[in-house]
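Order of writing sets the chain letters: A, B, C and D. Residues in each chain are counted from 1.
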């Protein structure tokens, strides 16, 4: 049998980030260097270099994104909706602290404004300073408007319309204010902020065989109750230790992410982007949208609707 | 922050299966019950019930398959090649100890013979006794011929031809005899044992963003050197903690797995199978074959060829 | 920096026994072999070979005793009281499942009867079968009377007197019936079962700088309330991951363990025992009784009294 | 069974310090806060707050001392030799980075000079800044001379004599320069730097039942070859996960640590110290010196002598 690697890191210490993925399942990543360990006004925050995943943001004990695979997550979150839209100009991001969601939006030459509303200024400053490979300068793009505030309140109080709304906040399970961005009420509000042809896309939690009903299926049912047809899809994120789901939907007349053809994706990528992607193109699109039977069955069977009064605190 | 589950299991003990997925990355599964812990003539073998994954076979310290996701692995290994073939009758399995690969083959009503050659009789007996949900009676199907022997030697010494050859043995990295089922020489031998229109498919190791070049890309390069066009594809296996790859290829005139259409898969599944699948159908097929850019780039860039003289002991 | 050992065991599997020693402190022992994993009528029970500690009994997730250091525990539990007594003939053991406490008693040539009352017959049978290096044949000694019953009930219902009473049951914290062997009421009962000159000794939980007040100090206060002067002492047990305490006390006219002199211990050991000890002699006795300042201060400061109505469920 | 504590800390992150105590034995401490993580010119250095042990210094992956038990270590290292000496005035410390060894020396009112020579200025500065509960102002005592240099070279190049020499450096196993403070040659040099009646004391590694022969017994044999009678003794240090040994010796006419009586220790403590101790007094002295049989047997059986040419790299 092959020799196994030692417990302590190449940098000499023995720190591990140990995270429960579900009951009885731990993923442990050896820490090469702790860059920051503290508390913001809203959450516990760490920036670490881990051996398997490089520079990593951890909030409230959970990996948010890592250098090794953040491009998978952020391209998957942003690009399908952007490519499906006829001509996205104005984009709204709820959350998105690392700046990588904005980076993906701003790859699109024709985007004129990207409004990013994140609750936690301290975490955004940490990312700005310590995670340059994540934001890659997006914070300096003049098309970005960065606000530190509650995204729901912002949308409620501002009547401007957007071509794309991107929801990049933690899962609805965790008790914090994030669950209010996954409710029937929220999708009804968001719908009124979509410009004609507009699309909303949300990160939607894990969707592997053992955890698809944790939140993914309920978010899908909730969205489709408000918005009609949805386009659920997923990618694999190693640092999350699971498949990760996303769901897009739009106004009745909006183009659908599910309906995008391989050639369309590739043509639009060729003309719209100022820098190349690493994960997403037409073939990858097919892979992301081609859901296995068990997953489609779980979506079909899901009856739970998330409301402001009845969030998904646990399963 | 949500309360986390405790370290010890519901059954009261505190045992964990701790497995290095790569350097600095551990997946730990809480053990609910140890069913068997011993050594066969060839390897260390355990059968355990883990909390996240149910009944699980572990060989030489690595999870081989678990109740929670073995159906993902085994459908992915077997069904694409079986569906791509015009009319598979005779099937060969190298390895396949749990009996679940045979189970998938024998779902096909028109299969007349399935020859399974596994090295380790003791492990097969353990699976037969303790993993009924894996084999589901496949060992009792009269169409199965089960031999305990070296699969390479069997193919070398028997000139019978097969419609489908399925390679279900450990990765080529691990020093044991398994690497001889991933070499240029092996594929040349296997080719001579394919009946006209025949297809060979192999499990091909991890293929996530952080480990696609471990063995997957080299197996693909090696296969295509011998067999021409290959169909690489992948699924996510939670208990392996990563995306898992498979590669199919055939004789020059054989149908290709990559070329299978959604409707073909669904029509053939409807007519050929005696029991329904849980993971695989036409849409899932598209998902499995739709490889992301980085993965196709890794395949394109790979130059390593695995030979009997130069196996892939390490990367 | 020195190379670190690998995560998986020499026997090829990757199982670890992970035990919380206190909040935020885990001791993990690599398992070389699982001998037994099951449930008795009373508790979860495992017998494992661990790499650091050899053959080990685990009950309800906690190491009870291991080959590597059980002799430290069992000599420390038994020999000081036996040596302090003028001429011990009749000995009572509450608990003592592994048979090693009886072994220590039966080393004394002049012992005529040892009554051992353990609740859990299944666990005793497991130890008899799988832990021969623990009991070393003690179960076959004709002087041993082994009963499967409740030790408190036995003492209540039988009026026979003993020279030595040995309490070898789990800590009073854990909710089970064991806490009833640490209460004021129990010590009052036990006192009536001591023959003139008799001594009672109990295992008394951890007593290191971080955990001395968990149960040790409260047991000492409770015993001294009933029995007057106590002799608290301790040894280090690696597999328990901490210093471990014991407390002896007697009738007003009984000899005290604390008062034993080096030369007395060595003379009595030389004449009374049929086999040599590994840990205990006169010098070791001084080491065990010579408590550090902080520990004596903790004992002096302790006011908690354990009663049947108010056990020590938590600190 | 009692509920177990969660994996993540009260401060919200999930970092653990995981340290191999020996092959197959891990001690894991949950980290509440990372204060510093970096590299000095000589070693990897961390300062962390752990839940079980408070503020902790970690060097090259190993806990050096923690708030919860450093007083046990430092009193044990310093006080027995200081109390055994007739009237210690001038004291030399090799190592001692945290300042706690100096603190113990400077408790003695009659000490006129304490020369501390530590190799690693960066680590000492870290301790000065972040570990005030360790040094308690010792760095500001005018009697302290603090030098950043090689202690062996210092002793070789300076002919001044000391009443007490204290060796507070890492174990001789680890390849670094520290092993040169445990050799026959070093003890011969040190002997020439002892004033009449002088005593040398060294930390001497783990000495529990499973690890007493790792380095402790060999250091004892080496010291006694040069210095004659030695006084080996030990205490339990929870954050080291084991019993820890120390060895004192002196010139032929020097008083012996082993020969100190209970009353002497208490009388000298009462008159010599300016602040009270927490661990050490006359009774504790007896406990520390009262070695168990197995440990004395291990010392008697040890034949290895550590020399500059043959350090103890491994056992």
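Quick note on the criterion: contacts are C-beta pairs under 8 Å (C-beta built on N, C-alpha and C of every residue); 3 or more make two chains touch, one makes a residue touch a chain.
Because the structure is predicted, anything quoted here is derived from the model rather than measured.
Undergrad: Between chain D and chain A, is it the same set of residue numbers doing the touching on each side, over half shared, or a different set?
TA: Counting which numbers both chains contribute, over half are shared, so the two copies meet through the same residues.
Undergrad: Hey, what angle do you get rotating chain A onto chain C on C-alpha, to the nearest 5 degrees?
TA: 180
Undergrad: What whole-number Å value describes the gap between the mean CA coordinates of chain B and chain D?
TA: Distance between chain centres: 55 Å.
Undergrad: Report, in whole Å, the distance between the mean C-alpha point of chain A and the mean C-alpha point of chain D.
TA: Roughly 51 Å, centre to centre.
Undergrad: Any idea how many Å lie between the Cα centroids of chain A and chain B?
TA: Measuring from centre to centre gives 32 Å for this pair.
Undergrad: Would you pick out the residues of chain A that each touch at least 2 other chains?
TA: Answer for chain A, listing residues that touch two or more other chains: 1, 4-5, 7-8, 12, 16, 20, 26, 44, 60-61.
Undergrad: List the residues on chain A that touch chain D in their complex, please.
TA: That would be residues 7-8, 11-20, 26, 31, 33-34, 37, 39, 43-44, 46, 58, 60-61 of chain A.
Undergrad: Which positions of chain A touch chain B when the two form their complex?
TA: Residues 1-2, 4-5, 9, 16, 20-30, 32, 44, 50-53, 60-61, 68-69, 72, 173-175, 208-210, 235-236, 238, 241-243, 277-281, 283-294, 296 of chain A touch chain B in their complex.
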